[in-house]
Amino acid sequence: MNAIPSQESERIELPFVRNLWYVAGWASEFSGAGPFGRIIVNEPIAFYRKKDGELVALADRCAHRWAPLSYGRVEGDDLRCMYHGARFARDGRCVEVPGQERIPPILRVRTFPTVEKHRFVWIWLGDPERVDARLIPDLGMLDQPERRIYFASLDYDAHYSLITDNLLDLSHLAFLHEKTAGRQVVPMQEPSNTCYMPGGSEAKSLERGVRVESWVSGPAARNVALPKNVPDGDLWTRTDFVVPGIFISQDRMYPYGTAERFKGLAPDADSAPLSDSMSIQAVTPLTARKTRYFYSFGPRASDLEQEEADAMWAIANETFAEDLRMIQAQQNIIDAYPGPRMGGIAADRGLVLFRSLMKKLAAGERPPPGLKEMAVGAP
Amino acid sequence: MNAIPSQESERIELPFVRNLWYVAGWASEFSGAGPFGRIIVNEPIAFYRKKDGELVALADRCAHRWAPLSYGRVEGDDLRCMYHGARFARDGRCVEVPGQERIPPILRVRTFPTVEKHRFVWIWLGDPERVDARLIPDLGMLDQPERRIYFASLDYDAHYSLITDNLLDLSHLAFLHEKTAGRQVVPMQEPSNTCYMPGGSEAKSLERGVRVESWVSGPAARNVALPKNVPDGDLWTRTDFVVPGIFISQDRMYPYGTAERFKGLAPDADSAPLSDSMSIQAVTPLTARKTRYFYSFGPRASDLEQEEADAMWAIANETFAEDLRMIQAQQNIIDAYPGPRMGGIAADRGLVLFRSLMKKLAAGERPPPGLKEMAVGAP
Amino acid sequence: MNAIPSQESERIELPFVRNLWYVAGWASEFSGAGPFGRIIVNEPIAFYRKKDGELVALADRCAHRWAPLSYGRVEGDDLRCMYHGARFARDGRCVEVPGQERIPPILRVRTFPTVEKHRFVWIWLGDPERVDARLIPDLGMLDQPERRIYFASLDYDAHYSLITDNLLDLSHLAFLHEKTAGRQVVPMQEPSNTCYMPGGSEAKSLERGVRVESWVSGPAARNVALPKNVPDGDLWTRTDFVVPGIFISQDRMYPYGTAERFKGLAPDADSAPLSDSMSIQAVTPLTARKTRYFYSFGPRASDLEQEEADAMWAIANETFAEDLRMIQAQQNIIDAYPGPRMGGIAADRGLVLFRSLMKKLAAGERPPPGLKEMAVGAP
């Protein structure tokens, strides 16, 4: 617990990794034909839907004079630029220039693979040859009909790595959120015979992320994410954080004795929890200082009344506003007052593991095809 | 029509040419003695009127401690800085320093030639030895008493060359303005035995600009700029676009057969049109990302009722707001997502000709005297 | 009077000198325990009060992950970061990391000496070995119970040296403030047998500043800072401006003949003035383009009614708004239109002396310990 994971100087800003699926938005944002303009990892994207509903993603920059295609008009399966009328097909080729027969091959825009899954729209910005839909993490909890699903998003004026840091060191719950989500968190000073989630040393590496698991017993286990009519017991919590910034958290209350029965390990699927709540969140860089944060809350409908769930969602929104205010202030300080290095503490273990993983992924990327040869607007 | 005028890589931003007359504003903006502060082609200018009404233009930077002279006070034929009281004469010399007898020669500001003509104030920012009032284009239509003249201006957050591009490729009318000015424009796909203005290949070089002329016949000729009570006929249109960014457009409806009588060439002055409308516009760079756009509309008063003209002016304003929104979005994309080159189409012919002319003018300029030896604030 | 003090090219922006006391704020801004976040001379500072009331100043950047300590919580004599809970003592050492026993020595923030004196909070940003509370100027007039003290502050978007320039050349009163504070100022052209404050040649060097003194007689002496019920007489004025930007101004009216009796020199302390008014002001750089300006007005309570004093304070506020508008415009011109050099006039003598003093102080500083070895956030 008291080992210092890293006191090495570290770069504060993680790189942008391209060969990954990014959350482009909640699928519900893309209702109708579009077009829908978004910036994702510095790429301007125009999304639109073909007649069969397929979601197409084109570079949001007409190949003619760089007007935004997201200001355009969907015509059949194509997207027409509404500045001078160039029309682009689903594959990025220009198929019509008004008043002109021959269409020069330069009139082409880049396309990006998209997938709609788990209520999200995902986009692949990297090497087209490496696209693999299996790399989308399993967020099946978002699809479970037994849950009430609340979801929203908010925008940060901050680099994405400050937000992933935040989600990887939940020791901040007891301080930043002492009056909201963290208000009933176990004091970290209090000795406990069960390991408690925010402790940094528990963070373990996953192939594509970091996992923290814990059991906590008794009244201390109650936090705001648990409905009041659920009796006290043994709380099992698992938080996975996977690349590029997907946070998957489960909270399950079991009868007293369950933790002991499983020897501090994860309960098996057959053991019925008294209550079951989850939160899935996603961090998508827009630019170097703009990041979109998607968050959700999914308690089991049978665990609590609608009003209780609504109240808990209201507290979650307050909580995320506290993060926003603190992280933007942190970004301002980082930008205005450069210094030699941050000081490491034990609770940083999760973020150190994750940062190391992201840097490894970045190092393994060939120079991204989107930046030089395949620049937006050219094939 | 289908020749591709240029697929060469081209710089998007045209240079600032100094040895030209720029529109500083509508003359009506300069009512009273002033002073009036303006930025024009990166030069801060303080305008004021002498007792005889002459409009003087001084560098808007007091030679003492660089306070703006446009915050000053006109006293007789002079302009006094209202920070510490230095007083400057019409020729830029400081003629009074309060409490001090000897005035050091460094206390001098640069002056700029101005002309009031055709309802505009013009300013010359270049080499004083090359000033030539004959280079002001003939905008006499603005002075014709038989017209109702409407005029206004708006400011772009964009480089001026995106706006001149817009005015040089009117193929955008059918798309960007499909619901406003362009709503009755002839579909470009429709074959026609008369040439129609938006076609790129018609653009011809003038000594100091680019001309597009066309005849269109019948109902297809009607666009929003034509009053409803004017009968159908042959519409003659001429658009001249001259340096640095003056747009001169005429629309005249003639009885059927006129186009044929003139063999597709311009009608002579003796042929009385059924209706006669014009629009004169001017593009003035303020800075690299601020541009002021002046526009007017001048139908013949006898062609339509006041209410009709007012309604057409309202549509014109909507139209220009559509341009503003699109061009600012285009500028944002250009700035945020640099790419290799734009793709040329046939309709670009006019802007290619004009861009070539501006680059030639820029290349022919000696290093501008205002930038080094004659810096603002020093003689 | 007509000698030109300097026509040499000069850098417009004075350096930031660190081995000086800066006004951090009016003491009344620091009521309660805090914390209070401020930026002073590019340093982010978190102020808080210990239980005994002592005001502590720490670098406003947690040594852990650079969250602002000014978003934290005062606990006893310590300040706890409310992001992840690191707790810092008055000496800048981290004394608690939640859930961790050993505290790495890197977890330390810089501290800054503070003094509360003359209604101000002062801070020393420079070499800790050179701290000397005697360098705080004597502003005892702010503590005199016989005065009504009005005070306020406002923020400039400008470099501090443009504001100190302003305060060092009061010839601007007659122009910039002709309708407010300066409205009854003696015309500078008018010959007078007494020397008058705004004259530049009167400025004299002090060891740590510049002094201007004058006697003016009769009705011409009346300016807005004098209550109406005080009879005319001989007005004695002294303005001291001391590093880094403290303005200390006294206005005293005496019976006719007093100026002559003292041969144009300062009156002695035994001579009772008919009225006695003062203004103390302070200029504190926040960043290179943000400056906080503190100002006060302190007439003797017995000289005027409350309403009269209130009205004079209202005019003072108008006056300072005039300065703000002009100086920010001046800053905009300086930034946008660089030029070779400003033109000197006689009235600049005070600011030339002060600039020379500041440059001498800057040159005498060793590389400031706060910038390299002792960077914020590191010990």
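For clarity, chains are labelled A, B and C in written order, and residue numbers in each chain start from 1.
Everything that follows uses one rule, which is that a contact is a pair of C-beta atoms (placed from the backbone, for glycine too) under 8 Å apart; a residue touches a chain by one contact, two chains touch by 3 or more.
Source: prediction; values computed, not measured.
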| item | value |
| --- | --- |
| Intersection of the contact lists for chain A and chain B | C |
| Interface sides of chain B and chain C: same vs different residues, half threshold | different |
| Distance from chain C to chain B - Cα centre to Cα centre, in angstrom | 49 |
| Shared-contact residues (touching 2 or more other chains) in chain A | none |
| Complex contact set, residues of chain B against chain A | 1-2, 4, 7, 165, 169, 171-172, 174-176, 178, 188-189, 198-200, 325-326, 329-330, 333-334, 336-337, 339-347 |
| Chain A partner contacts - residues on chain C that touch it in the complex | 42-44, 60-61, 63-68, 71, 80-86, 94, 97-102, 104, 106-107, 287, 375-378 |
